[in-house]
Amino acid sequence: MSDFSRAQGRAADALRPVRITRGYTIHAEGSVLIEFGATRVLCNASVLDKVPPHQKGSGQGWVTAEYGMLPRATHSRSDREAARGKQTGRTQEIQRLIGRALRSVFDLTLLGERTLHLDCDVLQADGGTRTAAITGAFVAAQDAVNGLLAAGRLSQSPIREAVAAISVGIVQGTPLLDLEYTEDSVCDTDMNVVMTASGHYVEVQGTAEGAAFTRAEMDKLLALADKGIRELVALQQASLLNK
Amino acid sequence: MSDFSRAQGRAADALRPVRITRGYTIHAEGSVLIEFGATRVLCNASVLDKVPPHQKGSGQGWVTAEYGMLPRATHSRSDREAARGKQTGRTQEIQRLIGRALRSVFDLTLLGERTLHLDCDVLQADGGTRTAAITGAFVAAQDAVNGLLAAGRLSQSPIREAVAAISVGIVQGTPLLDLEYTEDSVCDTDMNVVMTASGHYVEVQGTAEGAAFTRAEMDKLLALADKGIRELVALQQASLLNK
Amino acid sequence: MSDFSRAQGRAADALRPVRITRGYTIHAEGSVLIEFGATRVLCNASVLDKVPPHQKGSGQGWVTAEYGMLPRATHSRSDREAARGKQTGRTQEIQRLIGRALRSVFDLTLLGERTLHLDCDVLQADGGTRTAAITGAFVAAQDAVNGLLAAGRLSQSPIREAVAAISVGIVQGTPLLDLEYTEDSVCDTDMNVVMTASGHYVEVQGTAEGAAFTRAEMDKLLALADKGIRELVALQQASLLNK
Amino acid sequence: MSDFSRAQGRAADALRPVRITRGYTIHAEGSVLIEFGATRVLCNASVLDKVPPHQKGSGQGWVTAEYGMLPRATHSRSDREAARGKQTGRTQEIQRLIGRALRSVFDLTLLGERTLHLDCDVLQADGGTRTAAITGAFVAAQDAVNGLLAAGRLSQSPIREAVAAISVGIVQGTPLLDLEYTEDSVCDTDMNVVMTASGHYVEVQGTAEGAAFTRAEMDKLLALADKGIRELVALQQASLLNK
Amino acid sequence: MSDFSRAQGRAADALRPVRITRGYTIHAEGSVLIEFGATRVLCNASVLDKVPPHQKGSGQGWVTAEYGMLPRATHSRSDREAARGKQTGRTQEIQRLIGRALRSVFDLTLLGERTLHLDCDVLQADGGTRTAAITGAFVAAQDAVNGLLAAGRLSQSPIREAVAAISVGIVQGTPLLDLEYTEDSVCDTDMNVVMTASGHYVEVQGTAEGAAFTRAEMDKLLALADKGIRELVALQQASLLNK
Amino acid sequence: MSDFSRAQGRAADALRPVRITRGYTIHAEGSVLIEFGATRVLCNASVLDKVPPHQKGSGQGWVTAEYGMLPRATHSRSDREAARGKQTGRTQEIQRLIGRALRSVFDLTLLGERTLHLDCDVLQADGGTRTAAITGAFVAAQDAVNGLLAAGRLSQSPIREAVAAISVGIVQGTPLLDLEYTEDSVCDTDMNVVMTASGHYVEVQGTAEGAAFTRAEMDKLLALADKGIRELVALQQASLLNK
């Protein structure tokens, strides 16, 4: 498309190498390490036999998420949120996004009165941690649901279809798929897209970091995101087919 | 466009009545009460002769925002954040959005080493508080900047152009402009669009509350938002022309 | 009485212009904007069908208050309490005072097991915010109680009589009624008096800001307060007679 | 005066036995245990070579206070404020009162740029803890100032005169001096009076706990308080004359 | 043993004078002031008719402790934890230690579903506050249990045996018993030992403050601690024999 | 030694398989994943060019540690400390221990005015997380120091010798080395020992969870710990010899 050249000769419309490792830790009902290049996020799914107050007695379940970043997941050390005594606005924004994204593909009535709690912790950050978290959390959630089905605790899956997420952005005039940190920090426009396997949008969050963006640019970014999501959904399914 | 009929015979592509009252309080450098129908937000702009640590010594200024909702701005009383001891995730998300929206039209170098602090407090809520806040905060910011120019504290305006925001959504299949609360609470898709006077996007945040949405639906929503923003920018300019 | 001359030729024993606007917002069961000159406080009364733990099962109700000041209600911007994560000692002191003042005219047994929650938020401050809050909160409380009576949820009013509050002080040797900010900030003695319509004291809080004060001075201040309270009670009643 | 009979045959206008023990702990510059009957408050005065930000560079000093109650100072155990993570509104109200009371007799310019910090901790509570704290804190403050004078760090005392405090109230129609807990918990009106040695008021805080009170009742209470304060000031001076 | 000479000619293996005052305050079910030389800790035992959630319905009781230090218990004033809004790590470490130490001698089944809450507050610190707190808390706990037995609320004591604690350390090569502050602040090794009356260990916490320590040094410290604990247990029993 | 048989036929005096992976993440100056059987702790060492206030201007450096546990590192999910808004007492106790252990082998003067910050985050827990953290943090610290030496930012290593830690305990009368979770949860006595390569003690923390323990038992535990530490130090050195 244009002149900006990416690290390691990556094409403007190419994802970084994606790796999905299931069963990464032993205690969680679903445990996935997902890597988008050097970004590594551990997504653990816990099945809890309780629901938040607003759902109690409704017969419905709940799906929620929390997000964290290890202090030295980043180039320079950032403060530990537990030590500071509160989560940043950025953390809260991201964990609310992950929760909404996962809920969008769940039929909460079929889940029964239990909570699926997704903990997404960034071990190493290189851009795209929230999109990797959503993509990996879906696989962890599927593993947890499969466990409930296998144990006879659910008779029908509450998951309607897969969901995945990717970032896109414009760097020096070039629309790019799956920004890594060095690209993200200089981009003019940054967009995160969450989409279902059937190609419908769950979230579109576009932000002009520098100059405001045009409708034509947005169209290009959405097309790139479509391509990336399709590839991620295929990778999720391939991973889930492994024993 | 479709069958959903709105309160008071409002057309699907019509804004609610918008009122912008400048000089609403006496102490702030800019003070605007903005009303989108029954939604009323007080936007106060303060000029502070200091910048946050990360800007100190840079010669640049800063623009930031805080958002609050009076406990009984809503149908049923919500807890006072000051009494609970923290702001909700929703509040933080909104105030970060307002801050980014306003910064997008500022040249921070021309502002000099001072902060423009925008306080947006919702006196009465009926849907669209964050978009009303952005639209009103711009007018308050312009008043504050005009004061600095008139006092000779600035020789050139740091504001590049106007910025405004509007919500759009799909209710029972009908794309609607400027959702009020009863519409917002039943919509399938909810999108907030922040745009400059020149028609470029600053933020696009679309969320599927119920079913995920298609590209065709998004296109309709973006077209409605364009229309709404154009009207809001005209109302901002008209208001600023009054003495 | 003496030489100190007040702004706009106000007499030492005169209130500032008082305005009471009922039905100021649409959601609260009682909603009053009260103005003492340039001081403007929004007093919202909410009826909640629950009581604090210490009243549960007692058959009695509760009346409580919270107080807040918008960050730019004052001449220079003050920190937002919700962002700082706690209410100041001053805020807590004031909201406890408002709660005690209102409870003093309520028969909690007649209120039934519900809470009347009064939110007093200062939109613009120019001295006397706590006394305006008490005076306005009474009107909002009366509106909320009238609503309960009209709806048949109460058969007898739990309100025994009206209550109002006013500040008095000594500035440059002159006893003054209803101090505005420029007077308050230079006064030697500052006294807030809360009184019932029948002329009994609910609270008397006198503080020497500069020199300690004599018994003779206190007597003069109490006489001024009596006069002010009588006028405020008349204004409350006049306001409540309007449909 | 009336029919209410007090514990141990105490007259309505009599203080409880007051004991003032100086040098109660070894580290503080002034350390006083004050007892009003069974109420015991430890008042420690610390001299700190710094002032709060708002006084920095002014050449003036500062006098401030903090108040605490041991969890089992009371009949039933109350939560430890340090464990709950915040001070109650009552605690803040009391420590602000103690600070104002002490500052009222200080010439902050003569104190120099240092802070006199008064820590008042209730070891055992039986009513009147705030008035005992003020009365004891003055003695601790005098000891700390005497130490500065003796060490040549001050050449002139910044203390203008003594200050003391007492509670008065109306129980079953009888005005009483120095309420103990069983009286305080049933009184209709409760008043705390802070007064200088020369008989001027620093604070008068009267609150109707039950029925509102009349001017005649207030006059009786003020007369009782005058008598009590005179006796307390004499006890402070006697204590300070001991080596 | 060596050359280091202690204040007031104290032998290396001697405790400071220990004083145990029972019934120090009037409200608590057990109230003990314990002094190890100039260290003074008030230990109040409260009997609460509730247990923490994890024990509810178990038929078992609970024993827990909280620790605090008055701001001016120390040579220079330290911040009040209630004002800072949290307990330090040191405070939490100590109160967890006191709780474990006391629980080690309790049969929680015999205590019934109630909590024994021990509040240990340091009035004056001169080293060894945590060991004084444990030693004094045991006496307060015994008094509270004796009260329950006398009132017929317990038929059998849940206390199996006494527990006490002492510090030992190495200063300039000399092993010392019961370090006071000036010794503690220069010691190379500091060890706190909690032991039962029958001579078994409940806790051993040795820390190298300077050079790491050898096995031979540890043996000497443990021997010193044994001697100290035996003496403390005898003092506890003697105190409890007094009416 | 006795009858208790361990999982997988492990001998009472055997460590679990230990794996030390250096360079586990890319950003930290030292990054080590250490595994004691199923316990996995990520230890990241950051070099910061600042020191805490109490060391400023001293020319000395500082070594400190923070500890965290991912919410689903454990068998059942525990609350996220960042979301709860504070670290537990257990977390603070452990991170203070890690900090002291590492400082014990550092010459802070040779480190220069910089901080070595060790973040120890438990990815998977199966007993012994604090001892694994100390043992792994030393390797990460050594890597960070080697980086400073290689870059010429230090001319001499501030590390005096290696330090490692292990847990020992008594289960059903059998002294065991390196307890795993199922052993830890039923043990009578639990002891953590931190020791230098030269065989000196840095910390000994023994706690009776059930019955108090005897001197003879302590001697057996210390002997086991000696053996374990010697093996761990050898494994640290072997790991550091790899390129």
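Note that the chains take the letters A, B, C, D, E and F in the order they are written out, and that residue 1 is the start of every chain.
By definition in this document, a contact is a pair of C-beta atoms (placed from the backbone, for glycine too) under 8 Å apart; a residue touches a chain by one contact, two chains touch by 3 or more.
According to UniProt, the chain labels map to these proteins: A, B, C, D, E, F = Ribonuclease PH.
Predicted model, so just to flag it, every value in this text is computed and none were measured.
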Work out which chains are contact partners of both subunit A (Ribonuclease PH) and subunit E (Ribonuclease PH).
F
Over half of the residue-numbered contact pairs in common: that is the test. Which of A-F, E-F or B-C passes it against C-D?
E-F
List the interface residue numbers of subunit B (Ribonuclease PH) and of subunit C (Ribonuclease PH), divide the shared ones by all numbers used, and answer same when the ratio is over half, different when under half.
same
Centre-to-centre distance between subunit D (Ribonuclease PH) and subunit A (Ribonuclease PH) (centres being mean Cα positions), rounded to whole Å:
59
CA centroid of subunit D (Ribonuclease PH) to CA centroid of subunit E (Ribonuclease PH), Å
33
Could you work out how far the Cα centre of subunit D (Ribonuclease PH) sits from that of subunit F (Ribonuclease PH), in whole Å?
51
Where subunit F (Ribonuclease PH) touches two or more other chains at once, the residues are 85-86
What order results when the ring of chains is traversed from subunit C (Ribonuclease PH), passing next through subunit D (Ribonuclease PH)?
C, D, E, F, A, B
Seen from subunit E (Ribonuclease PH), its contact residues with subunit F (Ribonuclease PH) in the complex are 86, 89-90, 92-93, 95-96, 100, 104, 191, 195-196, 198, 200-208, 211-215, 218, 222
Under the touch definition given earlier, write down the residues of subunit B (Ribonuclease PH) that touch subunit C (Ribonuclease PH) in their complex.
25-28, 31, 38, 40, 42, 44, 46, 48, 66, 68, 70-77, 80-83, 85-87, 91, 117, 119, 121, 123-125
